[in-house]
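Note that the chains take the letters A, B, C and D in the order they are written out, and that residue 1 is the start of every chain.
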């Protein structure tokens, strides 16, 4: 696939300010920004897109530099491919530490006011967090949209699953999802329309998945009097696989490979690099550059619209016309180079404004602009999945460290009457061993050499014994919204450009901790069925350590940032309407996970993408 | 009908098998050049070599589809399927040899010759008489090998015409030459990539479409009414122009005229290459050494791979994905390992895979006996 | 051996308070109490011994009850054999927890004011801590007596090694030490007299010891520019082995077996029960009951003295005659039974008073009596060895869990010029696996079953892999005296009888931590020479967790309590003189580890025992002086010279 | 170039250590012969301690880079001492069983306070492509090495980590094994029979 961001598509501060003809100003080039730009341009609209980072890495070579950055980084954390940029900083896990009660950690970009420290992060670069997302694309369940009504927990959405279902299909086409609908009979019945298939066939389950399935298929657990049979099922994934001939009424599907400035044939099928997070080296995984490439191609077509991209442009303030409450412009700081805070401040204008900078940055921008909204809910109800990890050694060699990060999981506890009492969860079976929990395989190697005093043959045998048996279950636990989990800003904490940094106060709610405690027990049950040697250990020194009912757990963030500008039925109970349009500012759309009033047990990107189609229709209506 | 036309179904089958031999014969050369590039360097050249090699595999599979479509038998394990290097390929201007060698300027020139489009030459006749040593395999319309096709394009054109003629003859008799089992057709889902370039050959239309794809990907767009374009109708760039980008140091972009690319610059670091023994033989490596054993193991693995492919082309197409594709990824590692090892007593040159498949089979046969 | 504590040897509160004829009142029945009683009775003196615990377990059956208690205790800590007794409580490890800065843990008997929490324990029962001691009996090295002079660290003793040497020999005979003098060429030269041999031959090194030695013999480490060759050497042990015919100028030695109310032939040689701590099931290990048995036998001999033992008698206050500062009596709370605080308070009197209740209780009693001494040093300079463990799995099966807890160790770093900079240590090779560090093998079994999900033959294989290859080095690290490490009392913390409990403030000095950090490195070096897989892990939530130079360690106590009433050259720099006699109270002896101004890298019991011989000579001299001069130290009703015999045969 | 020049050039940041090492061991004359000998010893030692054949080690293409890395970080003298010790152990145990040799390697090399951490770091280099910072007590005792921080030798060193080969897997992000390959059991290469079951 051809992605050409040639100089004529990049604009300058001067030009951007002078051009009064933009239909839409979109802040951000991630998933939401790209899809909305594509939908608008397709209908002939002119779009100005602001991207906070430099756009130098637009070719395959640039992409490969990210891969190299990752290879040479000994820490290999999620953000390691992406260079430091003090003008548009991002959260990075290695800067975290445990907080003492009352302590505030201001060393990390997100000021963490505790009590819980979140290691969630997002990426401020072209492509946004789609650069390092895992690309698992389960849909939310119909019940997730009405948890208040059904389970007396969290908040109901103002729309139902059926309202969003067709948009899920659109998102799945755009992102190129491989999946097996038949394998995904969720508890509560299949949420798919009859005869629906994903664009591509499901990715094969890993050898490890099969081994786990052999151990648990046919067994069940009892929960709140309900018997829940267990099974390993494949996740749908936005990763290229084998096209499904039955897709689209038999029309089939053509995968979109790597994007580049010139032709390159790669990425049309996942090769199993086991590196979805932080970066897929062959671009078999969807990232928003693939959608942007389509938008850029439209520039050459007569009946299509046009996009201009302004790089190194950090939105600093949303300006409001006091008379009608409309947004009159967005103040932008455009810096010269990442190495220097030198910048000019401009104001760009369009008919509508779309902010797509993910839940934390969007709330940060609104709050920094003095716009907490009528309901006062901007920044509040921050949500992120709580992950707990359980790990051990399988009794036989299970071939860990091969295949995409996660191909299968246990989805049977995503829904059920038990959700009245405890949070539901989805279980990922990790193909990349204990890496997330312990820093494996490097930590194992160094401990076998330095502590185990092994070398030569015994070392090789030790590595096989220690690594090829690794199993890690990651429990993605539902976290209901809570107003006191929130993002704020504080003038004492700013970045290099003087923009206020986000401050986060967060506690994992008791409801989710109950789910976490059950998850630990569930893992023990599954481990005993598999004969797994349980190596799970939670370290009180870890920043995510939480004690619940006398037992310690490590809770990790899921990078599934939601809920800081939730949608609802009125300006008093929410920030945006069902089209993600601000109640207070009629020409402003806040698009992204922040609009979601609940996250259930689904990775949030497919839902965010689906919402974009809904919003784009409303925008087009408003513009016409 | 000329004497060198393909008159019978049997002859067409032989030609299609030759097509598989031909498409495969370039692979050892492309792969060796590709893996001789030191990792992390010459990314543009690597990408181009990789894409071309993958497409040669695709072409071989298309030839298998064509052969299977008319009920022929694919057998990659027969003696002579893998030529002995250096080997010859026809060219309109002069003969040239294909070597197994590292990525060097002369290797690049060879690659350009392999993929050189028809129109650039002054081809008037389909076959020529060349002096080619007896043991050397060549594209010949007749079994005795006295004459050879002038170019690869002419070879494929002959095949295309034969398909058209033989099918017309069969249709006239109320039958068809497309009698092969459709379940033997390899389609995209069984192949390495999901690009949708592999489709089943079940009738004349699909057969012609398949042959055109091979010609276009190799040499460029050959419609005689139009000047040959750098990009084909799908926006794909032909192999020749891909390699020419390396020679000219710049990428083609849409709208560029042949010879005048305007895209981003390409730089080649000719020093960032492991110089390998040219056309290596097992005999070049000390017998009993780890190196010798590894080179032999490679050949054994490759022979097994060809046997596996043969099975895949003969109805067990799920083997493509399950076994043949992982094997390809394995060869990358095995070849890399060989290439990074210096070859003793070879003037500082590095080792490489020898692709002596027939010889290996002979050794294995002896061992068994 | 016959140990008979028949009812006539036990006395009553009434009788004890009424009897004015005791030459000595000895508080405690442990190693010091027993040895001093033996030495005094041998010279015809009358002794009243107070024991805080009940004395029901005086027969072999009673001893075996302790063994049973241990077997059925899932915790299997050092005090597990000994029943809870709120009237005379003792420290117990399972109660400990990590302290936050400024926090005080008063849930344990010993109130821990931190910052460091010690798991050191002592036993308040007949036999004292000899009930659970490990019975390793290395001598202190001569340099340990003058560390201030030689290394500018800690305190010098007022006496030298040579002064104490003959008493070491006496103690070794009494305790029945098996050892191999030739194997013990300590750094700095052999401290033994020429031709000296131990009563019994050295214990054979364990298979594990030999395996460690194969890994290190012939290798060395570099420390402060000095090259120190390494070797595994057997420790001398107060445990019955093969008598050495060369002992005592060729007279040989007869081991003393189990003590009992009736004859039993048992315990004359160690069987390798691997349970020295907390209790040797066959009494092959010395405990003070063996000495007490001798004392009790003396009651039957006309020219020997007499002992009376008052059980369930908790010394509560040392009463002072304000005129001359002499001790006038000891107030004792005698309880009826351990379950009830009901008690009567009596005062017992003698010519001299000997307090042998180990460093913590002795200091506690003096401080509770309002007697901090002129120097103010009572309770101060509390010393205990800092133990650091390093553990791992040997590459081959090494047969852990066999043999005595520890037979051998690496003694090459007990002394050297490096002691100017960092603490010396002695390394124990533990034959009982990782138990002291991880509570193996129980934790291994539960981990393999509960976490490892193993059963059947895989479980058995897992146990062999995990348990039979366990190696643990216990580093016993020198801790110099430091006045701020101290025992205090606080009226808000009392026991069931209303006695104030000891409070402990303790930090491991930097000098010792430097030794600990080196010990950890040393372990890694030795492990890499042996190919041992290092499993050492220090848990930040452990009560003994200490961070030193950015690295965490777990420091454990050694139950080697020293320094709360140190001896010195005058009343201003010490509590007792070189004979363990109080500077302030002329008829008061404080005997035990508390008198030691340094502990070096030797288990302290042997040195404590040796000091007893020195002190009893002084006591006998003091008693005979009083007898010959007719001077009386104090008057009590019913006091009369001589004594009546209470023989029942 | 002789070893002094080689070491000096390695200290210049602009020079690529791997190419320098390659040039050094391919050099002419006595110096070249000498350095080739040291490099041969380095590989022989690496074969012994990784249980990968020399062919496998050279097959990573990282030998020169690792050789240069060790010299660059801790200097020449210590590497020579290590290799001489290794050679003397091998000479001493010619014909003896692996167990006997391993005992000596442990006692004299891995258990040597100065050489042990370096020997272990060479093992780790081959398996991960990472140089790991030496233990602090090592630097305190033998002097700090200015370049002694944890780093990945190069992107390709990461990719060529033998860790992955050992377990029949591949480094995350590279050397993918192909679509669906993860559904098959791993193929774990066999190696010498001297491995003991742990």
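Definition applied: a contact is a pair of C-beta atoms (placed from the backbone, for glycine too) under 8 Å apart; a residue touches a chain by one contact, two chains touch by 3 or more.
Small disclaimer: the values here were computed from a predicted structure and weren't measured.
More inter-chain C-beta contacts link the pair A-D than the other of A-D and A-B. Note: centroid distance subunit A to subunit D, computed from Cα atoms, is 40 Å. Centroid to centroid, with C-alpha atoms defining each point, subunit B and subunit C lie 85 Å apart.
Centroids built from CA atoms put subunit B at 43 Å from subunit A. Averaging C-alpha coordinates per chain places the centre of subunit A 62 Å away from that of subunit C. Among all residues of subunit D, those that touch two or more other chains are 102, 106, 110, 120, 154-156, 159, 176-181, 184, 196, 198. Counting partners per residue, subunit B has 40, 192, 329 as the residues that reach two or more other chains. Across the assembly, subunit C contributes 395, 528, 530-531, 533 as residues in contact with two or more other chains. Taken as a contact graph, with one node per protein chain and an edge wherever two chains touch, the assembly fits none of the named shapes, being neither a line, a ring, a star nor a complete graph.
Contact residues on subunit A toward subunit B in their complex (touch as defined above): 2, 4, 59-61, 64, 68, 200-201, 240-243, 245, 252, 254-255, 257, 261-266, 268-269, 271. Of all residues in subunit C, only 392, 395, 450-454, 458, 527-528, 530-536, 540-541 touch subunit A in the complex they form. Looking at the complex, you find that subunit A touches subunit C at residues 392, 395, 448, 450-454, 458, 527-528, 530-536, 540-541.
Residues 26, 53-56, 58-61, 154-156, 159-160, 175-181, 184 of subunit D touch subunit B in their complex.
By the touch criterion stated above, subunit D contacts subunit C in their complex at residues 102-103, 106-108, 110-111, 113, 116, 120, 135-137, 141, 196, 198.
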